[in-house]
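Scrolling down, you'll hit the structures one after another.
Each of the two complexes below includes chain A, the first together with chain B, the second together with chain C.
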Partner chain A sequence: MINSIRLIFALSWRNLWRNKRRTLIILFAIILGVWAMIVTAAFMRGMVFQMLEDTVDNLAGHVQIHHPQYLDDPVIDNSFNPQSAAVSKLLQDPRIALSSTRIRLAAVIVSERESSGITMLGIDPAQESKVSFIGRSVVEGRFLDSTSDNGIVIGKALADKLQTRLGKRIVLMSQDINNEIADRGFRIVGIFDAPLDPTEKSFIFIAKDNAEKMLGLKNKASEIVLRLHNTDMVNSLVNDYAQFDKNIDVMSWLKAEPYLEMMIELMDSSMFIWYLIVFLAMAFGIINTLLMAVFERTREFGLFQALGQKPGFILFQVWLEAVLMIIVGLVIGNILSWLSVLATGDGIDVSVFARGMEMLNMSNIIPFVITFDDLIVANLTVAILGMLTGLYPAWRASRLVPAHAITRI
Partner chain B sequence: MNTAWRFAWRNIWRNKRRTVLTMCAIGFGAALIVFSVGLQLGQYDLMISGSTRIFQGLIQVQKRGYLNDARMRNTIPDAQSLAKKIRHETAINDIAVRANGFALVSSKERTYGVAVIGVETQYESYVSIIPGLIKSGRYLSADNANEMVIGRSLAKNLKVKLGDELTILGSGRDGSIAAAVLPVTGVFESGSRELDRSMIQIPIKTFQETFSMQTHAHAIVLYHQNSALLEPIKSQLDGILMPMNENLVAVGWDQIQPGIKESIELDYSSGWFIYIILIAIITFSIMNTFLMSVLERTREFGIMLALGFKPLNIGKLVMMEALILTVFALTIGTLIGISVNYYFLINGLTFEGMEEIAAQYNMPATITPQISLESSLLGPVTILVFTLVAALYPALKIRKLKPVEAMRHL
Partner chain C sequence: MRHLVIQIFSFLLLFHLAVSSQAETAAQLIRQAMDNYRGLSSYSEASMTIHRPDWERVMSMKVWTQGLDKSLVRITAPIKDKNGGSLLIGDNMWSYAPKINRVIKIPSSMSNQSWMGSDFSNNDIARADEIINNYTHTLLETKKINNRLTYIIQSVPNEDAPVVWGKEIITINDHYVLLKHEFYDQDNILIKTLTASEIKKVGDKYISLKQRMQKTDHANEWTEVVTTVVKFNVTFNKNTFTLSNLRNPR
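Our next item is the complex of A and B:
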């Protein structure tokens, strides 16, 4: 038994290479297909991965706590007490790694020359710098150093727009707790640089105590964002605290980005469709090549059968040729795609489309992310469908009638 | 010549199964690419019309530099008479003047910073859908009327209803304080969250008075539903503007909203990256077929050579076979692709989750594919080029055949 299997293997392998050029051409097609599957999947994963990273980094955190009405109407009235018993208890949860409490309201910033509508963030610099991008994005001057720092940190693009610079004074205006317009002057102590222009243009940072003084708030916050130890914990944490306290709403950051959530959901199925399409394109070639290989050996198969070889043996032998070819293609395709992903390093630079990427809220470097699941699905799709495809030429070969086959030239 | 074609036609049907399989591969590729290019182009049409139709227009005349630096001071003098002149000279009526400002608008309870747009009340509805989207009240009545329309979310946030007065506070063109108190006469709902939350419109003359603009404005907006006419209209406008005032320029939607344009380019080029890979895979399999059909006829070609055929003629014959086979399969595939596109053009294509993704681009949730020369032919022609290059290899091999050896070949 073992001997006959070894015989079949040897036969199939040698037959495969009887016409080198033909086998190599179809092998190229398979390798190219497998490479395209894995690399495209890695690119798409990388794109979504980058979107998620950017969003989390860009102030969203993993979980957000708001007043229940805040998202519909982000005004000063819809703030909550961040030191209430319920919130304090929630913040004790061991799944939470970091948190930042913010006053986050619409405001107008006025320089000597221009004015602009922005979102002001009253923050605790020590907390905030760990949770979002801002801690490592100040490129000129410094970040705020305490909760009572009198400075303001604004984005580079905003500074250009307002025609102002480091060290200048600007005035911030917003609505206070009594619905009056409150204003307060700040000196620009830092300029930050963000991957996306809109981020630079729309957010400014001031210390929490000053925001409270300016607006007449006491012990109130607009939002608390949390970073968890692990992204997988997001849903369980949000579910645990869904009906926790009627004064607060605990939400996964994905809920704020329905577009992203949908992208992630659609990704698996669209990737599988892509695999199928690539496979179909290869399948015609595989069948054709194997059929040719079978027909030119008609005499040989006839002789085999006349000598007493069972049709099953022939079927298995031809099928094995297909399988060996696919396995070789898969192995080389996998190695090549792995190498090409390695070669791109941190990712590919798509800054040619910078403003298009901005629309998608993404930065310009897209990393390739190969996941184990994608590898398995791609390889299994090709392997299983390839084996099924190989059955047809094998079946044709086994059905030859010996007497006819031998006499054919 | 005729004989040669007939020869080629018969030759490809000598091995029916192989030919059909090869044709399937080519046809499948053609149909798939025609369908998906049609889908992509249809989607882009929606993105472009979504971004131009709502508010921004296809082309805007602006002061040079305003595009990158939207300052109050960068204005077009005598904007309304210029607009009149452009309407007259281009015979395009869908043109309206706009002034753009920024101000704090306050109700009794709330204050928000918003974009204030001064519009030509009579013409605004030609360049934007917002005047048609008034959900309660009515749109602005005259260029000097004291009234305003605001977005639905803004009305909700400000807690105001029709007839309530709002205070506008900003700074004028000369740096002076701009202030006005105007009643809300209409509330619009554009579907774009951004616009509904952060824009108010007031009549152009009222704007000019409030913001000390005299007869200046910031943009002359032109709308045309056919975005392909962008360049011709733009150069026509430049022809009108240049002799008058060299500080004025016509800018297209692709410059006003470069994000849309670049995300279209990004999508189209990544689409073609995928198509080319697909075509390459198909080409490899076809190359095998061509190669085999030549190699198995070595004997036959040997005889033909011995009978006096030139290698060039045989090579031509092989290329003709490839051409016939490919064109035949491409025609069928393309027709299938176009029919699928046509089906979805009539019925619309949507899938689960489309709505959320479409909202990102202000698009409806159903895509209708585009049927055009580009969507129907670009893919098939690319496949044809690839396959003919693939057929060249076996065709050239024939030149190396030696008649006597070839005839001995089994």
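Our next item is the complex of A and C:
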């Protein structure tokens, strides 16, 4: 039995290389297909991964705590007490790595020449710098250094828009707790640089104490953002505290960013469709090549059968040719895609399309991310479907009638 | 030795007094100019000309003021804008548009926008008296212009003042009439200038009847307010400075 399998294996392998050019061409097609599948998957994954990272980094955190109505109407009235017993208890949860309490409200920033609508963030610099991008994004001047720092940190693009710069004073206006105009002058102590212009244009940072003083808020916050030790803990934590306290609403960042959630789902399903399309092109090549090979060897198969070889034997032999081809293609394809991902390093720079990418809220460098799941799905799709398609020519070969086959020229 | 110490001390004390009294004078001058201009209560009629390179527009209005924190402006002409107006109480400002029959509270986001299409911003109108509290005033120069003693005062906003200007230079004469108000940005570049002229004595007060706001960048664009009638110490109805009066003039 082992001997005959070894024999079939040897026969298939040698048959495969009887017409080198043809085999190499189809092998190349398989390799290219596998490579395209994996690299595209890695690129799309990378895009999503980057968006997730940016979003979490961009103030969203992993879990957010708000007043129940805050997301519908982010005004000063919809703030909550961050020191209430319930919130303090929640913050003790061991799954939480970091947290940042913020006052986050719409405001207007005014320079001598321009004004602009923005979102002001009253923060505790020590907390915030660990939770979001801002701690490491200040490129000019410095970040706020205490909860009573009198400065303001604004984005580069906003500074350009307002025709102001580091060291100048601007006025911040918003509505205080009595719905009266609250305004105050701040000196720009830092300018931050973010991968995306909209981030730079829409957020400004001031110290929490000053925000409270300006708005007449006492012990109130608009949101608390949490970073967990592990992203997998997000759902369990949110579920544990879903009905925790009626004054606060605990939710995952995915829910706060429904667009992203949709993107991830879309990405998963479109990836599989992409695999199928690539595979379909590949499958026709495989079938065509093998049918050709079978056709060339009609006399040979007739002779085998006339000499007493069973049809099953021929079926297995031709099918094995397909399988070998696919396996070789998969191995080389995987190695190649791994090498090309390795070669791109941190990712590819798509800054040529910067404006378009910005519309999608994506930054200019997209890393390639190969996940184990994507590899399995791509390889299994090619392997299983490829083996199935290999069955057809093999079946054709095994169904030849010896008498006809031998006489055929 | 002891003598010397006393001398130094008294010198320092004197110097300190001189500085603080000087600051006080400057601030006092400003306050007096403000009070003088607004009076305790006033009624006036004025016309406002908004000039642009390719068009010009004239509006007539009546203005009632009480102290420094209440005022009502009502448009009387052209017909298109008749009965429209603004009400100011403290820091709050409401605007009434007869066409849509709505009173709108001017939100902070609009406070830097133009007031009725003129070169005055809502802030210029609403916060004219802010200059007293949020600034440090220094008397730069005293000189004679047209035989009148004239004070030139530099006002620098405090660090946390809700003022975007780097400094403002105010010229006041000894009748406490504000002659010129220049707004500089934080690089000391002149942005806009308010100039007052046609100084007249009304009752026992001197006031300027003509005021022009001019942006430095646009020589051909200015807004001029000319006061035609002015009365001081008038008595008002209780409901003069109310939203209902803004909406339904009686």
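Some notes on this structure:
Quick note on the criterion: the second predicted complex is superposed on the first by the 409 of 409 C-alpha atoms of A that agree within 3 Å, B and C clash if a C-alpha of one lies under 4 Å from a C-alpha of the other, contacts with A are read in each partner's own complex, and residues count from 1 in each chain.
Going forward, a residue touches a chain if its C-beta (ideal position, glycine included) is under 8 Å from a C-beta of that chain, and two chains touch if they have at least 3 such contacts.
The model shown is predicted, which means the values in this text are computed figures rather than measured ones.
With both complexes brought onto chain A, simultaneous placement of chain B and chain C is prevented by a clash. Residue contacts after overlaying the shared chain place A:Asn230 against neither chain B nor chain C. The larger set of touched chain A residues comes from B, when the choice is between chain B and chain C. With both structures placed on the common chain, the touch criterion links A:Gly117 to chain B and to chain C. In the superposed pair of complexes, A:Asn178 makes contact with neither chain B nor chain C. By the touch criterion defined above, A:Asn3 lies against neither chain B nor chain C after alignment on the C-alpha atoms of chain A.
Within the superposed three-chain model, A:Glu296 lies in touch with chain B and out of touch with chain C [touch as defined at top]. Touch criterion not met for A:Gln243: it reaches neither chain B nor chain C.
Within the superposed three-chain model, A:Asp73 lies in touch with chain B and out of touch with chain C [touch as defined at top].
Between chain C and chain B, the overlap after aligning on chain A sits in one stretch of 3-11, 111-119 or 183-191, namely 111-119. In the superposition on chain A, the residues of chain A contacting both chain B and chain C are 107-108, 115, 117, 173-175, 181. Residues 17-18, 21-22, 24-25, 28-29, 32, 71, 102, 104, 106, 108-114, 156-157, 170-171, 198, 258-266, 274, 277-278, 280-282, 284-289, 291-292, 296, 351-353, 356-357, 359-361, 410 of chain B are the ones that touch chain A when the two sit in their complex.
The residues of chain A lying in touch with chain C in their complex are 107-108, 110-113, 115, 117, 150, 164, 168-175, 180-187. In the complex of the two chains, the chain C residues touching chain A come out as 91-92, 107-109, 111-112, 157-166, 185-186, 191.
Every residue of chain A that touches chain B in the complex is listed here, in rising order: 21-22, 25-26, 28-29, 32-33, 36, 40, 73, 75, 106-108, 114-117, 173-175, 179, 181, 258-259, 261-263, 265-266, 274, 277-278, 280-282, 284-289, 291-292, 296, 350, 352-360, 409.
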